[in-house]
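The next part holds the structures, each set out as structure tokens.
In what follows, chain A forms one complex with chain B and a second complex with chain C.
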Partner chain A sequence: MDFGFVLNPSSTVDLGKVDTTLYDRLARRCPDVKTCMACGSCSATCSAAQYSGMSVRKVLLGLQRGNDVSAMLSNCMLCGKCTMVCPRGINTRNLILTLCRIHDGEGSK
Partner chain B sequence: MTDRIASGFHPFVLPFLVGMLFVLSYCLIGMVRILFQLPREDRRRFYLSLINPKTALKNVKDIFLNCLIHVRLWKRNPLLGYMHSSIAFGWFMLIVLGHLEVFLFVPGRAKLLYYPIFFNYFVAESDTTLKGALLFFLMDFFLLMVLSGIALAVIKRVRSRLFGMRHTTRSSALDLVGMYALWLIFPLRLLAESLTAHISGGSFLTLPPNWLALRIFGYEIHMLPAWWAYSAALCVFMCVLPFTRYMHIPAEMLLIPLRNAGLKIRNIHKGFAKVEVLSCPGCGVCIDACPMSASRANLKNCTVYLNRQLRRGNKRRINQISDKCLLCGKCEAVCQVGVQGPELRVAHRSSRRYGINQDYSNVVPSVPQGGHKLLYFSGCMTQLTPRISKAVISVLDKAGVDYEWMDKEGGLCCGRPMMMAGRKEQAEQLVRGNTRLILGSGADILLVNCPICYRIFKEEYDLPGVRIVHHAEFFDELAASGALTMAPGKENICYHDPCELGRGCGVYEEPRRLLSQCGGLVKAGHEKSESICCGGSLGSLTLSYSEREAITRNSYADLVVSDPDLVATACPLCLATFSRYADRPVRDLAEIVDKATD
Partner chain C sequence: MKPAVAIIGGGIAGMEAARQLLLLGYTPIMIEKSDHLGGHVGEWHCLFPDMSPAADLVENLKNGIKGATVFLETGIAFINRIRDTYNVMLDNGISIPCQAVLFATGYELFDAAKKEEYGYGIYNHVVTNRDLELWFGGREDARFPAKPSTIGFVHCVGSRDIKAGNMQCSKVCCMTAIKQAIEMKEKFPKAEIYCFYMDLRLFGKKYEDFYIKAQRDHGIHFIRGRVSEVGENYDGTLQIKAEDTLNGKPLKLNLDLLVLMAGMVCGKDNAKLTAGLRMGLDTDGFLRSRDNIYGVTDSNRRGVFFAGACTGTKTIPETISEARAAVLGIHNYLMK
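Let's look at the complex of A and B:
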């Protein structure tokens, strides 16, 4: 039946049920991820953003919500612009490389 | 000269024999193992290079000049050069002359390994011949030469600053054992030969102590303890040699022919890389050279410590050291034996496995229209400093060059950052993608303004018919051909050599020639191959923001020693890095040329 409108699925995030294993492992290896303030400078400069929607800010947010981020990472070229512009001085390249290393590659955690 | 001991043997030679046989067999087995670790084609290449007269001659020349005379060290630091060549060349001559003595006077003993070393103990002077006198004089002369080198080594140990070294390597326990044994060998030899000089004869160095001892004590001192001690010192030195930095002595003799054969590092733990690691003398020249030494905490992350940890197999430290390095290449530029610090680190990085392997097959960058003579590739980093690309375009317009901007709307990365992270497969994908675009455009010249891109274009890309130029070179050519005329300004400019452009690709003169036409060129503290990395390098994976700040400030302070009005560089990354902390304007070469041609 068409009522002329649809209901969007709930966008509630139940943090109690989210699996943040990957984020925690990353934060242990690169403690500076915790200093990210999600300003989005990295997203604005990213070379891969136009191809895979890559954004370090979104990657960190996604990990904290337990989402799969491997698709975003798959076009990163490690050019280092995000590191240069980060106002918090986060070593984003090391973060990406570490994430690529500890990710098991299947898209899950 | 006659034999004094009928059997030609005394038990004190045993320690020496044990040490000698041990070190010889260790080195021989090690060499065979390393040759078998080489990939098949590399091994073939090496054997072929040995029978090629040109390379064979070069091998002999290089071994003589570098292992014995230490020519490179002489050029860098004459005092250190004298110290090393006096010990190495002096000792070599003692061995050669010792053999000559045996062949001349007691040819029957020539097959005995220990005879030339302990010659003076086993012979008695019958009547002085001219030949003998000359040989005795030479033996004493070279012994004095070695002793002077040892004396310098002792002084250097206490006060390394007298030798112009701010930091030296911290020795490991075995290194110290080897070093003290080496220091003892020659004074003990002098003592033993002096106490025997009234029987075997001697010259200006050994006869006076013999005469003095007889005057002071009034009787002949028993000579055997000195000979035993001399033999024991030799034994200790040779037995610990394979496990200390002194392993560089035999290893370098293998490294030189391997390098002359054109081999490259493939696996960090095997073959060629292994020889390089063993050839590191641990002199510590790279410590002062390393830009990371600006902060004390990073003193132990330079190449000499990487080599030490690789010998020890300490995985945690190898990871740390190879990830932190900026890959600026300065340690390689100053290294006396030519250990390729950056290549070793990249080889180690490339041994890692990743869960996410980037794939760029979905990336479709805008394709150049083609039909232009020159293709301009600005690179990723220039997007952060658009003033560079704006200036390059402006200069190209002024010179009337027909060009097309390949990655105006963004595009593929050149692949160098992935290459430096050791992810060769990913880098090759990017290389293939860009190669297709560049060849498809039909341009004759590829112009880049980023040395990071420039280096990989030069090293890894196969672009037949396309000339790859950095804007420093291209603008220099335009200026020489008269297409650009610059009006010199009044400002004093200091030029910073970007690592990838200078040490990486050897471009030193073109930017300087250009800048001297735009203003007054003043000198930096360290220039050309000695230039200090700005600290922004993409080579480092784990260096933190604050650690980089220390490097940048140190490098900047070195740049502005002559108080220039502005700092020039030819790399967008150096520009962005220096601009953070600079107290005067930092400009790219293109901007300065653009302003001067207005």
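Let's look at the complex of A and C:
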């Protein structure tokens, strides 16, 4: 039956049901990710950001909100500029590297 | 002989304390390392929230301490305790015996040149909040363009920054940036003004009014993102990069003038000053209060007291209140 309209899936994040397994696993290996205050310095200085949409800040937030961040990760060139500007001293380069390793299955071992 | 109280520091905390001690009949002896009284406030032009001239406050305080002994351009060699009194040895060889010691040593303004990525001291049109106040006060400064059309303010420079060694929020800079942004807009009504912030912390009386005024009456733009780097264009203007975190995209902007909100950091001589008293410092490098709730103006040594920003970042009214609280503490101690 065609009523002439469709229902869009809800864009609400049901925070109680978000699967944060990946984030929790990352936080165990890189505990400093928990100190991010979302200032965006990493994304502002990222040499891949303006063409690829890469953003360390968005990766960290996405992992905690159930977004798929794997496409973003593949754009990181591991140059490490983000690590230099982080005011909380988070080793962001290592964070991305660790996340890639977890994605590749190494983290489950 | 009235009991003598050594006051270390001739800023607003030290002066208000000296004034109150004189009123109570004590003998304050003030030691100031620079060649004038007034400290950082003496360099400021107008004070929020009522835009009152800083010079008036300093002048009133100075008038209140006539009769107090003041040593200018004098440092402290060491302080030690001799039975129930203290001996403050000055670097000019004079020894001051006193019954109590008040630390009113304040803070230091973060050296913005240490955040090299912001280009202070490298690019011509990068200044600090302090430079701006001095310029408001009439100081000539070639770094200020005659007619800037775009001006940026960077919040949290050297504060909330583990790499700069300062975890603490400097507390007054959010409000100072908004105050200065409004003042610049009034000077240059056609200029576009941008504040780059991580969090806006407008906790004090009438601070939120300033924020609303900046948005509604002055059209000042607030961008939620920390500036990551500053570069210089061929024509001498600046280009800054930040992430506009609310839009989720990297952002760049050309500016004629960039103002860095350098934060309050702990005094670099704190450890040396307190060494002879073995008081220790708090984890943030500021002087350690006996209790950070109930005994902020007390030290953990009998007869040694604190007032103002030596124990942490403070506003001016907080500093004045603490100076009075510390004097009451000294009075109670000396009456025993």
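Just so it is clear, the second predicted complex is superposed on the first by the 92 of 109 C-alpha atoms of A that agree within 3 Å, B and C clash if a C-alpha of one lies under 4 Å from a C-alpha of the other, contacts with A are read in each partner's own complex, and residues count from 1 in each chain.
By definition in this document, a residue touches a chain if its C-beta (ideal position, glycine included) is under 8 Å from a C-beta of that chain, and two chains touch if they have at least 3 such contacts.
Here the structure is a predicted model, which means the values were calculated and not measured.
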_Using the superposition on chain A, tell me whether chain B and chain C clash or fit._
fit
*First (chain B), second (chain C), both or neither touched by A:Cys39*: second
*Give one of first, second, both or neither to describe whether A:Pro87 is in contact with chain B, with chain C, with both, or with none.*
second
_Which superposed partner A:Val13 touches (first chain B, second chain C, both, neither)_ = neither
*Using the touch criterion from the header, give the chain among chain B and chain C with more contacted residues in chain A.*
B
*Now for A:Arg57: first (chain B), second (chain C), both, or neither, which partner does it touch?*
second
*Rounded to the nearest angstrom, what is the minimum C-alpha distance from chain B to chain C in the superposition?*
5
*State which residues of chain A lie in both footprints, the one left by chain B and the one left by chain C.*
45, 50, 85-86, 89
*Report the residues of chain A in contact with chain C in the complex, numbered from low to high.*
37-46, 49-50, 55, 57-58, 85-89
*Using the touch rule from the top, collect the residues of chain B that touch chain A in their complex.*
323, 352-360, 362-364, 380-381, 383-384, 410, 412-413, 415, 417-418, 421, 423, 426, 430, 536, 538, 541-546, 573, 576-577
_Residue numbers on chain A that touch chain B, as the complex places them_ = 32, 45, 47-48, 50-52, 70, 73-81, 84-86, 89-91, 93-94, 97, 99-105
*Which of the residues in chain C come into contact with chain A in the complex?*
117, 156, 160-164, 198-199, 224-229, 241-245, 248, 250-251
